[in-house]
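Chain lettering (A, B, C and D) follows the sequence in which the chains are written, and residue indices restart at 1 in each chain.
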Amino acid sequence: MIIVMEDVSQHKDYMLDKLHQYGLEAHAVPDHEKLVISVCGEHVDRYANSISRMPGVLNVLLISTPYKLVSKQYKPDYSRIHINDLVFGDTAIPVVAGPCAVEGYTEFSEAAKIVKQSGAVMLRGGAFKPRTSPYSFQGLEIEGLKIMRKIADKLKMPIVTEITDQRKVEIVAEYADMLQIGARNMHNYVLLKEAAQSKKPILLKRGLAATIEEWLMAAEYIMLAGNDHLVLCERGIRTFETYTRNTLDLNAIPLIKQLSHLPVIVDPSHGTGDWRLVGAMAAASIAAGADGLMIEVHPAPEEAMSDGKQSLTPKSFYELMDKLKHIAFAIGRRIYSNG
Amino acid sequence: MIIVMEDVSQHKDYMLDKLHQYGLEAHAVPDHEKLVISVCGEHVDRYANSISRMPGVLNVLLISTPYKLVSKQYKPDYSRIHINDLVFGDTAIPVVAGPCAVEGYTEFSEAAKIVKQSGAVMLRGGAFKPRTSPYSFQGLEIEGLKIMRKIADKLKMPIVTEITDQRKVEIVAEYADMLQIGARNMHNYVLLKEAAQSKKPILLKRGLAATIEEWLMAAEYIMLAGNDHLVLCERGIRTFETYTRNTLDLNAIPLIKQLSHLPVIVDPSHGTGDWRLVGAMAAASIAAGADGLMIEVHPAPEEAMSDGKQSLTPKSFYELMDKLKHIAFAIGRRIYSNG
Amino acid sequence: MIIVMEDVSQHKDYMLDKLHQYGLEAHAVPDHEKLVISVCGEHVDRYANSISRMPGVLNVLLISTPYKLVSKQYKPDYSRIHINDLVFGDTAIPVVAGPCAVEGYTEFSEAAKIVKQSGAVMLRGGAFKPRTSPYSFQGLEIEGLKIMRKIADKLKMPIVTEITDQRKVEIVAEYADMLQIGARNMHNYVLLKEAAQSKKPILLKRGLAATIEEWLMAAEYIMLAGNDHLVLCERGIRTFETYTRNTLDLNAIPLIKQLSHLPVIVDPSHGTGDWRLVGAMAAASIAAGADGLMIEVHPAPEEAMSDGKQSLTPKSFYELMDKLKHIAFAIGRRIYSNG
Amino acid sequence: MIIVMEDVSQHKDYMLDKLHQYGLEAHAVPDHEKLVISVCGEHVDRYANSISRMPGVLNVLLISTPYKLVSKQYKPDYSRIHINDLVFGDTAIPVVAGPCAVEGYTEFSEAAKIVKQSGAVMLRGGAFKPRTSPYSFQGLEIEGLKIMRKIADKLKMPIVTEITDQRKVEIVAEYADMLQIGARNMHNYVLLKEAAQSKKPILLKRGLAATIEEWLMAAEYIMLAGNDHLVLCERGIRTFETYTRNTLDLNAIPLIKQLSHLPVIVDPSHGTGDWRLVGAMAAASIAAGADGLMIEVHPAPEEAMSDGKQSLTPKSFYELMDKLKHIAFAIGRRIYSNG
């Protein structure tokens, strides 16, 4: 159950006290000028009527799904998430692009200019890389953050980068415009809460083997920690198929649209692990209703320090952007453009 | 290795004799006016040079994949498969539609008219239904075939229906224009070969847990049995996700396009098991490059004898067809139309 | 619901007539001197009381699972399946062994003698091999059956072999003591019914991606066709893991024991695809409660025409049998022995 | 490649310098009185010969697997991991038991006494619980640690508990004898490194969808951070099967024994999620060669605050321990006992 009430401390105290008496568990989250209380417990719905008559209560919502704040039952209208001037969840669809890892100033600068020219409106790049092997390149860390920030400012594009360490949330938040929780950390609830508290917009990738429900529950952790600047990102799940690194699950897009008010974007680069499939799957994502794309582009993919196999060349990216514009138009949307 | 040669029995005998001497296994398949010999065995490629100089040899192709005849290495141009006037694999994209099971003359007739009005150009319907439970409706069988044929003739639309029993291939081939091998029978090699011998066009669905390679190997069985009228159909794979009945794997579309010359279509109805996702996934399929769609439509889904949950209403189907036209146009193709 | 009644045609006709009037679907199966009717339909349980008072009714069982005849609710005692003198489902645990494919008289004879000496009490061998690739060895077919029969008679061991073609059920049933439905055909319901009608004992392997429920539903097809000489065989499922060919799912053993009265055996050779894991998994199967094992043994695995990688050498098999005896003893059972 | 050398700083500096010149990446780990350097890079093996002749080099090992320090190629003998007096990896097999979460002093004390009486030699209990839902019980945290420590001291049993937060590694390490990395954090490389640095023995659970290789790579992170007190724990993987919460993958046991020198134990409680399967799978684990078990036992499972469905009652646990003794004996081992 969700209780929406005036954010008045006296009413809040009374309410929390009452809920405690009823044996219910309450989580209070300030939401702009209102107070939202997410309530769980046995037979919680029985109390709806009496709660609705308590002082300060604006609305009581019975929500049948295990996730509450992220559900469409709670917010029937789709959310729009702002990153500076950019919006995820609007008619216009932003494309985020850049290399997998930040490898140096020159390399990132070149990549950033290229993707901007082709129409990308936000930069991606990894400074802290969670790698399966301890022997793989782990990223330039703080140095990488600084490079990204400098170039982002120069090109006036916001930047998203992954956080992997809860103790570095603060420093990453200083440099980045949006914090990415990677697939491998989707179940890292400590990191989710820490990231949420930075108040920065969050990009929450789906875990390698996470069900849609678990993914939404991870999002609930973030909203419950008071951060509703949240965008979901489908990036492929683990299946028996071996020809692709992951199985990009586009079914997630219409499903999330049924279940949640949150925007959902797609990363076809990690999702397939094969640049030859990226274009088709990016196009399919837009057709399926995705609110954005995150695509790996590298000036020279064959020399990339990580994931070159899945990066587009500048030329392929340019051609893809053109195709995406037509598809977005076909479904009554458009690719977000800075110009 | 594939040897393409003149279809002259004397050359053929000589060649087969030689291959036998080399200890290689040869499968000869007539292909229009030529003879195609698919050759396997250890160090097969060593013999390419000497084979290429034997009498009647037009071409020798070294093929590195385990599937030979279905590979793009063998036929670099995409195949076009004709079903009467219809073509799969061309710029124009046919949409196949109809109810899951044929339930009676009136019901099927109504459904067929509805899908035709909305632009479907081929009918689907099950007369023999392979059901997980022996207690579920198993189809009207021969009676169902007759109903479909009658209505198909009336509306001048070709019809595809599933075969599940090798002994009934002949009778089904009498009534249907295309034979479907369902997901549950993709590994039923006896049925594959029997169906191939009917010389009817075949629609080969991907198995529930079949890798792309296994699917192409199943297609190889059919081509090796001398039938190259073959269309592949992605219909969802089994994963850990429980919110959808299957995980429709659209990655298969660009992958198949890389690996094979065969057309590939998509069945988003079985692929998702949920009518609310069908529209988005149909649109995504076209954007990803699918050569066709197969969609379940039922005049009254809530009363369907099987799979009502995944069937579109006539109205949803009509609206979807309109959307699909725009998407096909955006990628330089169009939805195949009879008019 | 299951109705157990006297097998008197007058009572049967009356009952079927009544069930039809109630709008219920009835499947009658003779079971020794009784008649068993499996009944489905909406609100079926409401009729239990009145049905129980109809003439000839011995018992009415309400069964909550989708599978009825194979459920423990129907038969609380575990079934014992006899193959000549052998029993599956008893305290003594039979071990079935032999090569993957029958390759010739001498080879099979040698393998058979070896496994007998080590304590195997039933032979396995493939005459019809369902292979992923049309280019792989497909078995000696009828010739293979004859070889197996001759050697089986000589060694006085019963034999199990796979059927893949419904038209060959009759001929295979002439030569084999037990018919195996392979993993690839578990969903081939036409074959299940045809095999059932042979009245031969059936070994039903679990499908590559079949849930426990689907596997039991496949077994229900066989029992509903009047054949209760049925043994289940776990042989590995398809998962994301790539170090093993399949993931042998031993959880299936205690689960089947909870849900069904049917014996369940394990095939660790196909289940793992790696001879180095066979011994440990065979031992684990016995400890988990399996009613039998089916193990591939080849006199010279490195020369096997199929699946040599997963076959034990005679020596490894001999050592394994010794280990298995100790484990069986530890859980109060024993390895079935002929001596 | 792994270089084993005398731990002399002058030799070390010379070696690291040389490796750098060769363009190779080197990770030095002190190992008792020796120095181990794990080396990666292109054509690394070419340098083996010249490296072997450098000062201080005791041994150079070429290792073909992506994991080096955890491989059997590096240490052909199985490792024994000591937790106080207890050893994992020896003939005697320790059983760890306790409730899922620590719920209070009385509850934990009662559970601990019960499992000790039945023969468990180490306690498990969760103070920090990573839960899919933010609304589920998250553990007693520090309070829980204190309770566990007190009771562990009283009963003279070591204790293992999960760490989920890198900032709490230090405090948990103060109270616990062994730190558990849970399945959800197996890919949390920051936590792996932090935990390793505590120098406490680590129990590394397999990730929900981690391949054997990824699991061993996670273990490599820990060993590379200088901690070789490491035990692996199989706890079920995610598959399509829905009758069990996870699919406990016992194939992992013989596989790990082929690939690594590290001990591997099994958690059949989380692995199946169903107490009715725990006994059979525990027995199977021992038969398959597991070096230990971790089992959930709760005095009153139906009242447990988390995972009651998978907890054994004291009586079931008592009976199981007896069964396990017999199975261990059958394979020439025994259940570790304090008495």
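Simple rule for what comes next: a contact is a pair of C-beta atoms (placed from the backbone, for glycine too) under 8 Å apart; a residue touches a chain by one contact, two chains touch by 3 or more.
Just so it is clear, the structure is predicted and the values come from calculations on it, not from any experiment.
The chains that touch subunit A as well as subunit C are B, D. Counting C-beta pairs in contact across B-C and across C-D gives the higher total for C-D. One simple way to say how far apart two chains are is to compare their mean CA positions; for subunit B and subunit D this gives 49 Å.
For the pair subunit B and subunit C, the distance between mean C-alpha positions equals 33 Å.
Each chain gets a centre from the mean of its Cα atoms; for subunit C and subunit D, those two points are 38 Å apart.
Shared interface positions of subunit C, i.e. residues touching 2 or more other chains, are given as 209, 238-240, 242. By the touch criterion given at the top, residues 209, 238-240, 242 of subunit A touch subunit C in their complex.
Listing the residues of subunit B that touch subunit C in their complex gives 25, 27, 38, 40, 66, 130-135, 164-167, 184-185, 187-191, 208-209, 214, 217, 220-221, 224, 238. Those residues of subunit A that touch subunit B in the complex are listed here as 209, 211-213, 237, 239-244, 247-251, 253-255, 257-258, 272, 276-277, 279-281, 283-289, 323, 326-327, 329-331.
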